[in-house]
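Listed below are the structures to be examined.
Two complexes are shown next, each including chain A; its partner changes from chain B in the first to chain C in the second.
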Partner chain A sequence: MAEWFQDNGLLLGLALLDGLSSAGLIFLVAVGLNLVFGVLRIVNVAHGSLYAIGAYSAASIGIFLAGLGLPAWASIPTLVLSAALVGAILGPLIERFILRRIYGGEEVVQLLVTFALFMILEDVQKLIWGVQPIHHDVALRALGTIDVPFGTDFIPFTNYQLFVLPTFAIVTLVGLALFLRRTLTGRVIVAVTTDREAATAMGIDAARIFLLTFTFGAMLAALGGALLSPTAALVPGIGAQTIVLSFAVVATAGLGQIEGAALTSLMMGLGRSIAVYFAPEFEVVVPYIIMVAVLLVRPQGLFGVIETRRV
Partner chain B sequence: MKRYEPFLALVLAGGLIAAAIAAPWLRFVLTIALAKGIAVMGILLLLRAGQVSFGHALYIGFGAYVVAFFAPVAGDGVLIIAASAAGAGLLGLVVGLFVTRYRQIFFGMLNLAMCMVFYSLLEKLYHITHGTDGIRVEIMPIAGQVLDRVSYEWTVFGIAMGLAFVVGFIIRLYLASPMGEALAGIKTRETRLEFMGVPARGILLAAYVASAMLGGIGGALIAMTSRHVTPLLSYWTASGELVFIAILGGPGGVLGPFLGAATYELVRVYAAASFADAWQMILGLVLLLVILFAPGGLWGLASRLVGERRR
Partner chain C sequence: MTTLTRRETLAAGFGTVLLPATLSAQPVAKPAEFKIGVTTFLSGPASVFGVPSRRACEMLAEQINAAGGIAGVPIRPIFVDEGPGTDHLVGEIRRLVQSEGVHTIFQSISSGSCLACTPLSRELNKVMLLWDCGTQRIFEEARYDYAFRTQGYGTSEVLAPLLYLLKTKPNIRTLAVVNQDYAWGRDSWELWKTAMDALKPGVRVVAEMFPRFGSTDFSTEITRLLALRPDVIYSTSWGGELVTFIRQATERRLHERSTFVLPVAEASMQILGRSMPEGHIIGTRGDHWNNHPSPANPALFNGFVNAYRQKFNEYPIYPCHHMAQAVWALKAAVEKAVAAKNGAWPSDAELAAAFRGLTFPTPTSTITLREDGQGLEDQIVGLSSFNDRFPFAVPKDMMLFPGAQVSAPVGQKSTDWLKTLTPALIEQAGRPIG
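The block that comes next holds the complex of A and B.
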């Protein structure tokens, strides 16, 4: 064992650091999906498209502003602002004109409506940004790299991936938890999640809460995409990949669970990056193995609540 | 409407054959449509139970790769289709024992996860599956006959048509049997079904295995027609496509899947030819319109027309 660590410790260290940053991104997307599901009771397949559009928009806006002579330090706030913009525009549009028609409908139908939306947005994205890879990594380069010591070796790691991504994830997690528990709007959202009918009877405007939550979820998806954009070349299909992974996180964590989503994202992010270094063939499979293993033991997910069966 | 079904099936079959004779390139499209129709019938079975699988491309891909691997060894088309069906059925039994413990979103997502695991294995195990390059399928003898290209294509078309009829007939009987009727019970109130002494999980498992076999047959036919298999056959969007076709055709009767599949493939071919970058968007819009304004699908529209004429 000790020998194994001597030989592979460096790789393991790399894998852990990589895993942290990818877990941060997964969390941002999955928590948005989970929040939307908790309130609207709709699994939004198009969530992945919002992620992709968030990534592309952030890159485009970044390139545009860089052309105007924006200093490099402003590139990270730009990422956040562009994500907020995407969410604020697309979120209400989708909720108002499409989702609102299918609340309370059959689950199959709801799933398919968002699938249709996914197909449409996928092509919208190709029409706007084309199929050539887009790369804009000013935010990544602006922050430079840090040498992380591992035993006698040093691993150069970008500050962006090591600090910025996990920080965003943690801030989101804490902020969201405080928001849902300490503010009036947050508590109203929780109330609608728990029992929509009772909440409406108390005078809560459920329609407004739905709109608000969906927009917020869309912003989180876009933020995940925007934060990804400096670290990778953007190609068509990133939305399709991401959404499936987020589903796995949400199902494993338990529907509507925020902290659960964080823990699961961490497990899956780490699991996946360890697989990248030690068994690359199984990188994509690892999250699903975790998911199946968890659901075999706890069918309602790690933190899910068992619902009473209707007679 | 139910009474007219066999008659309408003959009309539809006649139409397809006429189209295949009139335009040879349509023969290819229509064979694929028939193959998908057979697979979609499996989705229909699950929809009866109110469950939507977002992972049945797993069985399509499995059936297709059985053809790719065994065509050079076994050497006869009929044998290979049977092997695909049996193999997919076995796989369906193993996966089904697990996924039938879950309902609704969990059922859908677990199927999706299984499908993604299969997809990524197809993609990553390059030395076995040739990864994304895929495997070419040579023209194989069928029922002992060595065929040239054109008669091979006609034969596969004929087999697809014949199987569609046989399978459609069996599924019609199945849906009218107590086991088939119990599926609807799972959708409305499963607990009551169990109070009556009907083993709901067993009923769903039987339907699941049947749907897996149908997927396997569909996949085998697709591989024999396109004569090239790639992992993309099992990508999750392909699963979504199957559900799409089921809803487009309408879940009312066994003709729905074929009506849906033929329409879907034709729209896709024409849309892809005319708007190369936007065919997905067009399909998405069609899906949205069908769901929002014609919830019974094409079959439902047809039923309504017939019903109105009778009045």
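The block that comes next holds the complex of A and C.
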């Protein structure tokens, strides 16, 4: 074992750096999905579309502002603002006109409705942005690279990948935890998550909380997409690819668990990057192996709470 | 229970044998329009190929119809989306023939679609032109009377860039592969590896990476490649994934440590723009580069490229050229079949017969459909470079590899034939153009 670490320790170090960055992006998307499920009790397949639209919008707004001569340093605030804009517009629209009609409905109906919405939004993306890859990487290039020592060699990493993505994930995690535990609105959300009926009976306006939570979840999905946009070419289908992994994170973490989503994202991000170095054939399946392993031992997820079935 | 007499049985037997032949000899009415069922990706990641190819098809149909149609008959393409998958596509092709009454079918982009749907040409007795899919298995594992591929295929599209690499960089010692994790990614690697082991034994493969199809992040793969420093990085990825991989790689200066070999990169050059590094090996699945230095028919070539560019505000990419090849092949075959019948309209069987051995002109060269149905298309490979004419990378130091030279002979499987190649081919193959 010690010999293995001696031979591969440096590679493992690189894998950890890659894994942290990957985990950051996974967390930002999955945490919104988890939050929405925790409060609304709806598995929102259209979360992937919000992610994709967040990415496309951030790229488009970035390209537009760059054309107006916006300085490069402003590109990262632009990503955040564009995500907030997407969430603030689409979140209330979807919650008010679609989801509100299916609360309390059968789960299969909820799945079908959000899946239909996902399909519609996929086509809307193609109508607006076409099918050719779109990219806008000012934020990535503006921050440059850093050379990480690797034995006698060095490995260039982008500062965006190494610092910005993990920082956003940590800020989101800490901010969300503080918001839910230290603010009145956050506590009300937790109350609705824990026992919707009791919270409503005590005078909490559940409809308002649902609207607020879904809008916030939509913003987080769009933020994940916006932060992806400087690093990736955007094409039709990116939402579908992301939503599958997000569901794996949510299931493994336990439904509605924020810290669980962070830990699971870290496990999956690190698992994937370590696989690329030492067993590339398993890269694709590592997140799902982790999910199956966790669910076999804890069917309610890592941080999930077993609920008493009410009859 | 009804029983047949011996005489009735004989009559039925003769009827079974003779009736189809008699029917096929019946005169066929000239159709009011020639319907073409076209399968292509209109949704999903491969719509980056499918939508431009549909545009090219519609544009050519307009041009052909404005000029009087094919043998006096206007053509009408009817498009079907490959996106929902092969089961859906099989049903759609049956519907196109049985309900829409299409006269021929152009299918498909995905090799999986082609493998699933080409056997329908037997069942439906309709001409099927494989206009873009590259799998070598179609005509190596079965024989089809009604199916033809109007372009090259995986074997020639992989072998030509390999020969170019070995001619221009004969001292390579290490190589890594980063391909999409699906049929084309795996098959194109098998073809490359088999040929490389035969042409230059001893090249060490230091990493084989097959990221999930649709990946949007290759940073881990790039870190590993930066650490390994292979002489060559081979990738047949396409679409958004190739664009993402190249952009993430160049940002981290991977192109300064290794040479990329990208056999299908042409379709991504316009999107990459100046992000594509210079001096890396790029291919276009054929010879139809927009900066082709000496096309066989410059007027036709420039006419097609300029018309597409004016109509859609972008240059045609290789699926557009492949679609055009199918249209031109159809035109040539119909005119040949009509001429053979002294102006009468051909049956499906007669039209299929006209395709066998057909040589049809393309703007850049000619393509011959071999006796097994496979098209022999020349391959042009070069190094990425920039000039004043194009706002994106185009090849320089181009070499042309004739289709027959880089295709497995009729009756041989590509993987078997590639094993028989010798290093002498490196010197013999290809010639500079430009």
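We adopt the following convention: the second predicted complex is superposed on the first by the 294 of 311 C-alpha atoms of A that agree within 3 Å, B and C clash if a C-alpha of one lies under 4 Å from a C-alpha of the other, contacts with A are read in each partner's own complex, and residues count from 1 in each chain.
Methods note: contacts are C-beta pairs under 8 Å (C-beta built on N, C-alpha and C of every residue); 3 or more make two chains touch, one makes a residue touch a chain.
Worth saying up front: this structure is predicted, and the values here are computed from it rather than measured.
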Item to complete: After lining both complexes up on chain A, report clash or fit for chain B versus chain C.
Response: clash
Item to complete: Could you look at A:Lys126 and tell me whether it touches chain B, chain C, both or neither (first, second, both, neither)?
Response: both
Worksheet item: Is A:Asp137 contacted by the first partner chain B, the second partner chain C, both or neither?
Response: second
Fill in: Partner chain in contact with A:Pro149 - chain B first, chain C second, else both or neither
neither
Item to complete: Figure out whether A:Leu295 sits in contact with chain B (first) or chain C (second), or with both, or with neither.
Response: first
Worksheet item: After lining up the shared chain so the two structures overlap, which partner does A:Pro280 touch, if you call chain B first and chain C second: first, second, both or neither?
Response: both
Worksheet item: Thinking of the overlay built on chain A, is A:Gly67 touched by chain B (first), by chain C (second), by both, or by neither?
Response: neither
Discussion item. Quick check on the superposed pair: does A:Gln161 touch chain B, chain C, both, or neither? Answer first, second, both or neither.
Written reply: second
Discussion item. So in the superposed three-chain picture, is A:Gly203 touching just chain B, just chain C, both, or none of them (first/second/both/neither)?
Written reply: neither
Practice prompt. Based on the superposed arrangement, let me know which partner A:Ile238 touches: chain B (first), chain C (second), both, or neither?
Written response: second
Discussion item. Counting contacts the way the document defines them, which residues of chain A are shared by the two interfaces, the one with chain B and the one with chain C?
Written reply: 122-123, 126, 240, 280-281, 283-284
Worksheet item: Residues of chain A touching chain B in their complex?
Response: 43, 45, 98, 101-102, 106-109, 111-113, 115-120, 122-124, 126-127, 240, 244, 247-248, 250-251, 255, 280-285, 288-289, 291-292, 295-296, 299, 309-311
Response to the item:
In the complex, chain A touches chain C at residues 11, 14-15, 17-19, 21-22, 25, 122-123, 126, 130-133, 135, 137, 140-141, 145, 150, 153, 155-158, 161, 228, 231-238, 240-242, 272-273, 276-277, 280-281, 283-284
Worksheet item: Where on chain B is chain A touching in the complex?
Response: 47, 50, 52, 54, 98, 101-102, 104-106, 108-110, 112-114, 116-117, 120-121, 123-125, 189-192, 195, 235-237, 240, 243-244, 247, 277-281, 283-285, 287-288, 291-292, 295
Discussion item. Per the contact definition, I'd like the list of chain C residues that touch chain A in the complex.
Written reply: 43-45, 47-48, 50-51, 181, 207-212, 214-217, 219-221, 223-224, 226-227, 229, 239-241, 243-244, 247-248, 251-253, 268, 270-271, 275, 314
